[in-house]
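My questions all concern the structure below.
A, B, C, D, E and F are the chain letters, set down in written order, and residue numbers restart from 1 in every chain.
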Amino acid sequence: MAIVAADTAWVLISSALVLFMLPGLALFYGGMVRRKNVLSSMMHSFVAIGVITIEWVIIGYSLAFGTGNWFIGGFEHIFLKGIDLYSISGTIPTYTFIVFQGMFAIITPALISGAIVGRIKFKSYIAFIALWGLIVYAPVCHWVWGGGFLTGEALDFAGGTVVHITSGVSALALLVFLGKRKGYGLDAIKPHNVTLSLMGAGLLWFGWFGFNGGSAFAANEIAGLAFITTLIAPAAAGLAWMAAEWTHTGKPTALGFATGIVAGLVAITPAAGFVTPMAAILIGLIAGLVCYRAVMFKGKLGYDDSLDVFGIHGAGGITGALLTGVFASIGATGLLLGNSHQFLLQLEGVIIAVIYASVCTILIGFVLDRTSGLKVSENEENIGLDKTCHGETAYNI
Amino acid sequence: MAIVAADTAWVLISSALVLFMLPGLALFYGGMVRRKNVLSSMMHSFVAIGVITIEWVIIGYSLAFGTGNWFIGGFEHIFLKGIDLYSISGTIPTYTFIVFQGMFAIITPALISGAIVGRIKFKSYIAFIALWGLIVYAPVCHWVWGGGFLTGEALDFAGGTVVHITSGVSALALLVFLGKRKGYGLDAIKPHNVTLSLMGAGLLWFGWFGFNGGSAFAANEIAGLAFITTLIAPAAAGLAWMAAEWTHTGKPTALGFATGIVAGLVAITPAAGFVTPMAAILIGLIAGLVCYRAVMFKGKLGYDDSLDVFGIHGAGGITGALLTGVFASIGATGLLLGNSHQFLLQLEGVIIAVIYASVCTILIGFVLDRTSGLKVSENEENIGLDKTCHGETAYNI
Amino acid sequence: MAIVAADTAWVLISSALVLFMLPGLALFYGGMVRRKNVLSSMMHSFVAIGVITIEWVIIGYSLAFGTGNWFIGGFEHIFLKGIDLYSISGTIPTYTFIVFQGMFAIITPALISGAIVGRIKFKSYIAFIALWGLIVYAPVCHWVWGGGFLTGEALDFAGGTVVHITSGVSALALLVFLGKRKGYGLDAIKPHNVTLSLMGAGLLWFGWFGFNGGSAFAANEIAGLAFITTLIAPAAAGLAWMAAEWTHTGKPTALGFATGIVAGLVAITPAAGFVTPMAAILIGLIAGLVCYRAVMFKGKLGYDDSLDVFGIHGAGGITGALLTGVFASIGATGLLLGNSHQFLLQLEGVIIAVIYASVCTILIGFVLDRTSGLKVSENEENIGLDKTCHGETAYNI
Amino acid sequence: MKYVIAIIRPERLDAVKRELKKVEVNRLTVSSALGYGEQKGHLEVYRASEYEVNLLEKIRLDIAVNDEFLEPTIEAIRRGAKTGDEGEIGDGKIFVLPLENVIRIRTDETGPEAI
Amino acid sequence: MKYVIAIIRPERLDAVKRELKKVEVNRLTVSSALGYGEQKGHLEVYRASEYEVNLLEKIRLDIAVNDEFLEPTIEAIRRGAKTGDEGEIGDGKIFVLPLENVIRIRTDETGPEAI
Amino acid sequence: MKYVIAIIRPERLDAVKRELKKVEVNRLTVSSALGYGEQKGHLEVYRASEYEVNLLEKIRLDIAVNDEFLEPTIEAIRRGAKTGDEGEIGDGKIFVLPLENVIRIRTDETGPEAI
């Protein structure tokens, strides 16, 4: 068996697109924080590329995609042992498969960083994502995609559960240790540069076509389907968020529209290759409204998930995973086609992921809190992490 | 007949590239407005993705590409009826064809927004682009590409007429209702952030390779040709603009160079797959000079096409459409090869598009002006649309 | 023989990615200069696309890839004579090959501009890159890739020698004429907007997947290999730079991490398709440390290579070229596999490129300095080139 | 000589400059500031919640004038900066400080003629 | 009437605003500035080398007050702006300038009642 | 005590700082401003047309000094800010205002010694 050149080209470019989501995330998040923390926040995304790439090729890939058992993949491919230029996964080179999957391993912990901007120690952040990548991401990835106990059960086209639920829930769990930003609740903490965030949303959407489209692992009809649903759902979600905000506050904000887009992207992720374009409209609309409510609700509960990682990736990921079980009609059947079993499988997947990710995150957080410490001092927080952690100022005359 | 994987991969990535032109446009335009309107301006591009995507899959695609009659495609594909995973258009999945064409439907009305920044009501803008997409874009697209009366007559490789002439002319027509910005003519209204605009030009060019290259609908020699001409013509046009500015004002501006690039991109669009690389140099040079004159001329006439949509997309689109009739030599023949008939067909296409787009735009504008109203109040304009329409401030300390 | 569609798609999209590195470079460099020079600096990248594209299709391509002799390709393809739609290079259309190679010709002189920001006359810059493209780039490209005397000898997968060594060394050579910026050494000249530079680094990395991946000229296993090494080496180099900075100054900066990434990208360029992923880790780590030292050392020597073109592209390119001779194991053998001859060939290539580029640059610089003059006046430098050369201000209220 | 500091709405800057020109006050220094005062009710929206912005964008003018120009200057600013006939909260204030000396760097002139 | 200019650390702005509110000083103008003074030791890193930043970000407050409010205002700024009990270099300064007149643009009121 | 406000060209800031250091004036506050005055002729180009920019970038220095430092301070600013020997339009101005009191927040010192 040989590789198919067109599929290889498609997965390669998709991988590049997913990597591009990291600068996109850096901008999206970086624009929403205050000036004094923008580099710190962007660095959270960038350093994740560094740390997780190396971890992934050394051990992460093996844990996630080694044969292993129901829980974990094992050590057969550490240091990419046993893989060479001509190894094949499906119709593409294994090296390319490793890269594509690696991009997902990178972005997932980076998503978490949005909840904890402006107050986490940099070295603890690095330790956190490295541990989280091994303890949370690799197993869950193995369960769902790598031959573990959820493979072939819960539908997750491109990572609604593996990527978004795990990161969204972990963001919330980590707040147990990191609490609120100083000034949160007293004064409005305004985004320092909304144009950066809009640009970031643009990059994210662009990259997401690779994220979802590439998850077909071939330049085929399914890739085409995943692509069109990835266009439609975010469009619908952006409009839904905008409508909610317009009704509710009288002002349709640009950042709100962008946020709705991201919510739609999250929600369509597990469904992208399983649902029709018309179902994608519904998924988008529902996700936009659910995430809007989730974010609004946070304000009332008073916890400081600073950039709404749970409200968007957690709530959106859960919504998407469940709706996949409702609307699936292509290559799988969901509730609407009478397959209530699938819906239950989705629910099972969600519950397991929520519990596993939150418990593990609390454990990791606990250990780090007791050892290197998670939170910076009040003075450092006041001055801002750009100066205190990184010795930099983003903007100079 | 089955899809060709390589062609599918190419049109998919081209679609992503075209979508990426929307954030590009948002930056290009956003950088040129004043700080108080930057989000409003960017939002014009973003919301177009939301509104037109949904409109396109519900009805727009059917109107443009349904069988229909000489004028319009009809309703056979509303809600994408009759299309499924295995539908094929040429050598690619129909879903992919829909996406690629949808991107063009999105960007065209967004282009118009540059003329009317800082003074159009947001809800009227939304209504405008939705109506315009149905009344102007869908028919013209059907005429030229969808089997209508210009199909196979006027050459328009990737949308010189369908995209640029229609939007450029409509921009001008809309000014009938929106008039000048306050302060226009009295004080120079300076771009608030030229680096954003340069970045935007970079994104636009990058995306345009998908716009023109993808319009071959296959990863073949024609795609290769469209790609090289899309590199050459803007390069030449940028230099031409720069030379004109340098001679004329003594200063070759960065924004001018970027503007020239966009002019070249516009002009090569109808010609990209029909002309040689050397002809592309000439098209670029001519377009750069023509658009420079058009923009300069505006200053003298005193209308406020704020970001020069007519001067660039209108003038550049007309130039490109006509020059396609002059230089066509690959897969078609133009004036230089003795086929004056083609030139007349091009002229016919231009005239019809100019008249149709301007008349319809004035009608739509008239209706909206009488109902929801098009222009914001003077006070809102003074304060800026970011605050008054969107409840936001782009930059905060 | 016919083209392979998948390879064509891959090289086309790779070409677009490489073009995208130019706006990336504009941001990376632009963010690091002071506000008063940001447009001037960005313009250096943009205008290179204009000038070199036209030069390349008129004569540069012919000089580099014409049959010619050991030294230069000759004039057989000036104005792309002898090439038409159906010309083939390998498995892709020749037009596509010309485009892809043209992108390399564009970016190489643009890299140099980082050394001389804020003090070079714009018209002399244009003359410089045009001459340099003919006198330095075209021959060296011919030697290594176009059939010249180094073809098949020195390994250079995607341009470690052709692109990075030549530009890095020339940057240094040009300082002979341009000296220091005013204020250098007295006051810290701080980057005016680090977020721009981070964004730029993101764009560069994204584009570099096309740069290295596309250099396989096919969507095959080698492209997959080049892609994974282009992910790994910069990740390792970023971490290495960060570690060095952390140890040395106590602060791991965001800009430092980004700089390390670029160093890793440079160093893996010649090796990308010849080494294993594990070797890529080592190459990245070494390059990160070497470039860190090189940049630090500059500070001590007191010359003002403003944005460290030599420290990164020169030092990184040399490191990469030599390490390719050490680690090559796929499709070639290096020192570690006992082939010391290859290492010597690499060394030969490096030495020749260093000497040739520096001598020619000094000659070009000398001529320009005596004719149009290279350096702006002190007053112009004080005010900033945006205003004095381009008549613009980047940021306005 | 007096040193006049005026805090006005950004959107009135052009009008104020025009009025000042009319009374032949052709030199001034402009900077941006944030005002905190009576002015309320400017709501912004951030992710599903509204909040009141209490630091509002303002423009600050610094104008050094000779004594006989003081009244016209104040009047001009007033005319340019006032919203409607009634005025509105947030229209701003004018502060008049004593100025002891002025030096024109270019010519080394000092005092009233340097203004 | 006095015109008070205070240069404080950016991170103390919220505290100062709170303290001022307590003494019923509800109007002020904020702008950003760079301070150059005794304060040293803030090192930044740029590409493998450290350097000392000597222009530090500061916040500047302008507050016009009636005479009886002067002391409370100064005290409030002090309380809000001082780092710890000892204070630290860089905590800033307060300058008090005489103010001859104030005009409220909206109402044309002048003098103490316009403040 | 005097409160000195100087408006200078941005490109002269370094020179002025150096001159001030020579006369041992080591504390000042810098902010950015836009100047509007005699200075003309700075043309910018925006899309095929030239226009005159009349709000020009300036740097504003605020320096509080004790009386005996006033002359040296003014002289130092002059030396640093003047373009060439003749000076040029746009070189800027120095304004001297009376200063009634200074408070150093850190130490609670007041008056001349707090400067």
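Rule of thumb we're sticking to: a contact is a pair of C-beta atoms (placed from the backbone, for glycine too) under 8 Å apart; a residue touches a chain by one contact, two chains touch by 3 or more.
Computed from a predicted structure; not experimentally measured.
Asker: Starting at chain B, how many touch steps does it take at minimum to reach chain D?
Answerer: 1
Asker: Hey, what chains does chain B share as contacts with chain C?
Answerer: A chain counts here if it touches both chain B and chain C, which gives A, F.
Asker: Weigh C-E against C-F on C-beta contact pairs and write down the one with more.
Answerer: The greater number of contacts lies at C-E.
Asker: I need the pair from A-D, C-E or C-F whose contacts repeat those of B-D. Over half of the residue-number contact pairs should coincide.
Answerer: Matching more than half of the contact pairs of B-D: C-F.
Asker: I'd like the Å distance between the centres of chain B and chain F, where a centre is the mean of that chain's Cα atoms.
Answerer: 49
Asker: Counting only Cα atoms for the centres, state how far chain A is from chain C in Å.
Answerer: Their C-alpha centroids are separated by 33 Å.
Asker: Based only on mean CA positions, could you tell me how far chain D sits from chain E in angstrom?
Answerer: Once rounded, the distance between the two centres reads 19 Å.
Asker: Considering chain E alone, which of its residues make contact with at least two other chains?
Answerer: If we look for residues of chain E contacting two or more partner chains, we find 31-32, 34, 43-46, 50, 53, 55, 97-98.
Asker: Would you pick out the residues of chain C that each touch at least 2 other chains?
Answerer: Expected reply: 4-6, 9, 13, 190-191, 193, 249, 251, 253, 255, 390-393, 397.
Asker: Which two-chain combinations qualify as touching?
Answerer: A-B, A-C, A-D, A-E, B-C, B-D, B-F, C-E, C-F, D-E, D-F, E-F
Asker: Can you tell me which positions in chain A touch chain C when the two form their complex?
Answerer: So the residues of chain A in touch with chain C come to 3-6, 8-9, 12-13, 15-16, 19-20, 22-24, 26-27, 30, 38-40, 42-43, 46-47, 49-51, 53-54, 57, 79-80, 85-86, 92-93, 95-96, 98-99, 102, 122, 193, 196, 386, 389-397.
Asker: Chain B touches which residues of chain A in the complex?
Answerer: Chain A residues touching chain B: 4-7, 9-10, 13, 17, 34-35, 190-195, 198-199, 201-203, 205-206, 209-210, 213, 218-225, 227-228, 231-232, 235-236, 238-239, 242, 249-255, 257-258, 261, 276-278, 281, 330.
Asker: In their complex, what parts of chain F are in touch with chain C?
Answerer: It is residues 10-12, 14, 34, 42-46, 50, 53, 55, 57 of chain F that touch chain C.
Asker: Which residues, counting only chain E, touch chain D once they are in their complex?
Answerer: 3, 17, 26-31, 62, 64, 97-108, 114
Asker: Inside the complex, what are the residues of chain B that reach chain D?
Answerer: These residues of chain B touch chain D: 36, 183, 186-187, 382-384, 387, 390-393, 397.
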